[in-house]
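By written order: A, B, C and D. Residues from 1 in each chain.
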Amino acid sequence: MKDILAAFGLNIDLAVEAHELLRGAADEEVPGVIEQVRQGEYVKVNTIIIKDENGAKRMGKPVGTYVTIESPPLKINDPYVKSEIIEVMEKSMHSLLGNRLKPGDTVLLVGLGNWRATPDSLGPKFIEYSPITRHYHQHAPQALVEGMRPVCGIAPGVLGITGLETFEVIKGVVENVKPAAMVVVDALAATNVDRIGTTIQMANTGIQPGAGVGNARVALTEEALGIPVIAIGCPTIVNASIIAHEAIRKFCLNSGAMFNDIQAVEATKAVLSRFGGNLGVTPQEIDDIVENTSRILAMGVGKSLFPGIAQEQLELYAT
Amino acid sequence: MKDILAAFGLNIDLAVEAHELLRGAADEEVPGVIEQVRQGEYVKVNTIIIKDENGAKRMGKPVGTYVTIESPPLKINDPYVKSEIIEVMEKSMHSLLGNRLKPGDTVLLVGLGNWRATPDSLGPKFIEYSPITRHYHQHAPQALVEGMRPVCGIAPGVLGITGLETFEVIKGVVENVKPAAMVVVDALAATNVDRIGTTIQMANTGIQPGAGVGNARVALTEEALGIPVIAIGCPTIVNASIIAHEAIRKFCLNSGAMFNDIQAVEATKAVLSRFGGNLGVTPQEIDDIVENTSRILAMGVGKSLFPGIAQEQLELYAT
Amino acid sequence: MKDILAAFGLNIDLAVEAHELLRGAADEEVPGVIEQVRQGEYVKVNTIIIKDENGAKRMGKPVGTYVTIESPPLKINDPYVKSEIIEVMEKSMHSLLGNRLKPGDTVLLVGLGNWRATPDSLGPKFIEYSPITRHYHQHAPQALVEGMRPVCGIAPGVLGITGLETFEVIKGVVENVKPAAMVVVDALAATNVDRIGTTIQMANTGIQPGAGVGNARVALTEEALGIPVIAIGCPTIVNASIIAHEAIRKFCLNSGAMFNDIQAVEATKAVLSRFGGNLGVTPQEIDDIVENTSRILAMGVGKSLFPGIAQEQLELYAT
Amino acid sequence: MKDILAAFGLNIDLAVEAHELLRGAADEEVPGVIEQVRQGEYVKVNTIIIKDENGAKRMGKPVGTYVTIESPPLKINDPYVKSEIIEVMEKSMHSLLGNRLKPGDTVLLVGLGNWRATPDSLGPKFIEYSPITRHYHQHAPQALVEGMRPVCGIAPGVLGITGLETFEVIKGVVENVKPAAMVVVDALAATNVDRIGTTIQMANTGIQPGAGVGNARVALTEEALGIPVIAIGCPTIVNASIIAHEAIRKFCLNSGAMFNDIQAVEATKAVLSRFGGNLGVTPQEIDDIVENTSRILAMGVGKSLFPGIAQEQLELYAT
C-alpha cells in the first residue's frame, strides 16, 4: 500500500493505518513501535508509540505517541458516545502533554484548512466552537471563572487563498504571543471509508500542514516552534485513487485474477485522468460529520485546558 | 453499465451518457433517438431527441429534447468560453420553449438541492444569481427596464432538512403564482469525472427531484404541473461505486484478466461498505466550479428571459 | 407614539408595547383588553388578551392572546435562564393551541425573513434548529421515537429575493401538506432597545409578514389558511427614527423645552434623509443574540410538539 | 461634535468629517491642513493633507494624506460609476505610495473585521475578492501573467473571537513574509448616514484597529511595522448615539428650543441605556452595500498592484 500511495503521490495520515499496513505485510511486531489497545464502553483507544528512528522510518511518521480514538459513527450523534469521547480526549491531552503545561499557561489553538470546503473545514470550525479566554485576561478579567488560563485561537487559512504558508503565519503568532503550548487541528485523509466520522487521532508530534494532500511545508513542530505541539486530526475524505485501487485488488482476490500493482495504478489513473490524484471521496453526510466532530474536538480539548469547569459553562466562552 | 448502475441503485442523469452507452454497446443507431452534434468555437453542442416511447424506454429517459453543452473546464474561468456558453444557452432556451412563452409572461425559477452541501448547492446558487423582477411589477414598476417580464424564484430545500417533498412546495407555488413556464436547476451525477465542471444539460422534459441519487419523487413535469418545465442540470459528482467499477474494468482490459460484472459489483460494495452507494467523488475545486457554473446558468437563462437586455444590467436584478 | 409611528410608516409589533402606550396615555384600563403578569424565577410572563373588536381597534392588533416572555439578556447565555424560557414556551404553546392539536397531527413550521441579513435571519435559523420528522414517517419510521408526530418546516425567503409573496408560497404548502397547525417565527421591531435579546412574543393570531417593516401582505392567519397559526416573534431591531424621536422627547422633558411631535418627526426625517425610515438600530452582539434566540425558540416549540422527549434527543432531529 | 463624540466614547474615522467639523466651527482654514477637491464625471475626490503636528492635533488624526472618494450610492450598482471609482482608486494608490513600491515587490493585504457580522465584514470580503499571486511564484510560476508581483492576504479575525490582538498576528506575518508594503481595509463608522455606501477613504497613515469603535490597540503603521501602510476604509455604520444627538440638535434649530450639549448627551444615553454606546445604525441594504464595496476595493487595489492587467483577468486570481 505504501508503494501505491507513493505512486499516487499520497501519504498515510493515520498512524493506526500505517501500523496495520506494516503488521499486515510482515505479520509480526514492528521494531521500534509499540501498540496498546484499550476498549471503553463505546469507544476503542489505540495508542501507538514510535520509540526510535528505526520505527519512524518504517512507519513513515516521526517519533512520538499517537492516540487513536475509534468510535461508532459520529453522524449518529449519540450523547453517551460523545461524552465518552470527550472524556478520553481530556485524559489523552494530559498524557500527551505530560507536565509541560502549568496552570495559568497560555495555549494557542490552530485550526488548519479551508472553511469554504466542507471536508477541509474541520480546523476552522474547531476554532469557532472552542472556548477563547485570552482577551478577557487583559480587558475583562471579571468575566472569567477563577483559574481559567488564557486560550487564544487562529484559523490561518490555506495557501491557495492567502498566498501564505501556514508556518509563516503561525510562527509569527507564536513569537508575539509566546504560548506555552499549541494544539493544531486538521482534517485528514484515510485509506478506508469506514474511518470517516469514526476516528480521532491525537499526537504529540506536531503536524505537517498539507502533508495529507501531498505537499511538504515547513512543519508545525516543537523543533520548529520551541513549544509542545499537540496535533489532532480526523479523516474526512478518502482519495478516489485508493478506493479504485482497493476495488481492483478485492476483485482479483475474489475472482482469482492475477493482481498487478503497476497495472492497477495505471487503470486507476486512466479512470481519474482529468483531476489527477485530486479527487476526494466523501459521504453525503459530510456536513453533519464535520459539524459534530468539530464540536466534540472543541469540548475534548477545552475540558483538558480548563479542568473542573463544566461543559455548559465552557460553551459560553465559544465564539 | 445500465445493469451496473441498477446494481448500485443509481440512474444515468445525462442523456448524452445514456446515449453513448447504448451506441457503444450496439455500435449502431438507437431506434427512436436522433443525435445532432455542432462544434462551436470553444464549446460542443450535442442535441439528443428522444422521439417516441421506444426510444424513451431504451434510454431510460422521457420523450423530449436534450441539449448538452460541453466546454473546456469551467474552473479555468475563461471569459470567452463563458460568453459562448451563455449565448448557446440563450438560443437553446428559445428552441426548447418554442413559442410557449410570450413577452410579459411570468416565469418561475426553481433551484433544487441543499445550499449547505457544496456539490448539491448549484440550484440554490442559481436562484441567488438570477435576475428577479416579479415584485417590482407590483410594487415598483419604475425600477424595471421597459419590456422586462415578471420572473420569480424559489429554492425549496431538500426533504432531509424540510420534511417536505419538493413537489409539495412547488405545486402550491405554481397554483398560486400561475407562471407560464418554469425553469428548474439541479446538480447531477455523472458516470465520468471529466464531466464535472464541463457539462450543462438542458431539456424540455422537466425533472425528477432526487432521481440522480436514487430516490423517486413526484415529478416536476408539464404533465404534473400544467406548464412547460425546462430542466437544467450540471454534473458535480460521480458516484464512488462507478469509479471503482470502471477501474476494475480498465484493469481487466489492460492486464488481460477476465472481467466479471457481478464480481466487480461485489468487490466495489465491499470496499465502500459502510456508506453503501452514498459516497460521492468530487474534485477539490468543487467550490469554484459550483460558483462559476451557477453564475453562468443564471446569465444564460436570464438573457433568454429578458431578450435585448445587457448582462451587466441583468446583474443589477440579481439578489 | 402611535401617531409618530404612523408618521414614520411603522407599526408596533409587540402587544405589550401597544398596551403600555395605551395605558400610559390614559392611565386606566383599556376596554376590551385584559393583562395578566406572572413573575417566574428568572423570567416575567405577561399575557394580554384582546377580547373584542373594540380592544383590537384600540390596540391596532387582532383579537387573540399574546404571551410575552421577558428575560434577562439572552446574550449572557445563562443555561438556567434558557431552561426556564423553554419551559414557559412549552406551556404557552399548549395554552395557545388549547385542544386544537391532537397527538399524531402534522405541524408545519415557517421561518420568515432573510437568512443573509443577520437581524432578519431569526426565522430561517429557527427552522435550521428545529426537529424535523415528517419525512421519517414515510421513508424511515424506524428512525423515530415512539409517538413522535410529523413536523415539517420551510423558510420561504423574502419578497425582495424571490419575487414571491410569503402567502403565495405558504398557502400552497398548506394545501398540499394539510398540516393541523402552523407555527410561524419572525424577527420583530421594538420601540425600545431594551427589548432586543430579552423578549419573546407568542400569539394565537397568526402573523402579517413584513408588517413590522411597513408592508401589508396577505396574512398568515387561521382565517386565510384554515388552521390555527401560532405566531412567535422576537425584537431584533429598533427603527432609527424611533430612537431619534425618543431622544428629542427625553431632551425636552429634561431641559424644559417645549416638545412638538410634528417638529420632532421633521427633525428626525432630516437626519435620516437618504435611507428614509429604513435604518435599523442593532447592537453589535446581534449575531450571538439571533443565534441563541433561534435555538431557544426551536427547543421551546420542539418540546411542546414532542411532549416527553428530552431536549438532547430532539436535537438529533434538527438539521 | 468632537466633544460629543468624546462624551460617547467615539472617534471620527473619516478625515473629511473631522475637517468639515473644524471648518464649520471656525469658518476658516485649519492651520496645518490643506484640502483639495476635484469633481470627476460621477465621483468627487477630496484630498486632505495633514502637514504637521499642529494640524494632526486639531484633526485628531496622524500627519499624512487622506483621499476621500465620494460617489452616488453604491447600492445602485451602476457599472459606469464603478469603473470611475476603480480608476480613481488606482491613481490614488500610486500617489499615496509614491515610489515606495517597485515592480516585483511583495504586497501584503490585510482585511480587518469580523466576517460573521455584516457591517464589519468589509475587510474579510476584500481579501476574498482580491487577486492573490504569491503562492504561484513559488509553486506554479507558469500560472502567472508576465510581470505579476507576489501579493498575499490575510483576514486576522477580531479580538473577541480569536483572543489575539490584530497587531500580534500581522507583526509576525510581516516579519516572516517581509512584504515591501501593506494595504489594510477596514469598515468605518461615519457621523452621517449619507456616507454609508457612498464613501471610500484611502490614507498613507496606517490604521488603528478598532479605533472606530473606541478601542486603542497597537497600531498598524509604518512606524510600528517598518513598511508603508495604506489604510482603506468605508463607513458601514453610524453610531445610534450620534443620530439621536443630531436629531435633538435639528429639533432645537427648527423649533427654536435652546440646545444644550450636556442635556442632549444625557437624553441620548437614557434612550440607548442597555447597550451603552454600542448600537449601530445600518440600512437594510447593508448586505448588498458591503458586497459591492468590497469587490470595488479589491479591483481598485488590484489594478494598482498589477498595472496593465485587465480586470477580467485579475478576477481569475481571486479566491
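The working rule: a residue touches a chain if its C-beta (ideal position, glycine included) is under 8 Å from a C-beta of that chain, and two chains touch if they have at least 3 such contacts.
Predicted model only: the values in this text are computed from it and were never measured.
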The pair out of B-C and A-B sharing more C-beta contacts is A-B
Among B-C, A-C or B-D, the pair whose interface repeats that of A-D, with over half of its contact pairs matching by residue number, is B-C
For the pair subunit B and subunit D, the C-alpha centroid-to-centroid distance in angstrom is 43
Chain-centre distance (mean CA atoms) for subunit A and subunit B, in whole Å, is 37
The distance between the C-alpha centres of subunit B and subunit C, rounded to whole Å, is 39
Where subunit C touches two or more other chains simultaneously, the residues are none
Subunit D contacts subunit B in the complex at 77, 79, 312, 315-316
Interface with subunit D, subunit A side, in the complex: residues 127, 132-135, 139, 150-157, 159-164, 167-169, 171-177, 319
Counting only contacts in the complex, subunit C reaches subunit D at residues 73, 116-118, 193-194, 196, 213, 240, 243-248, 250-255, 257-258, 260, 263-264, 266-268, 270-275, 278-287
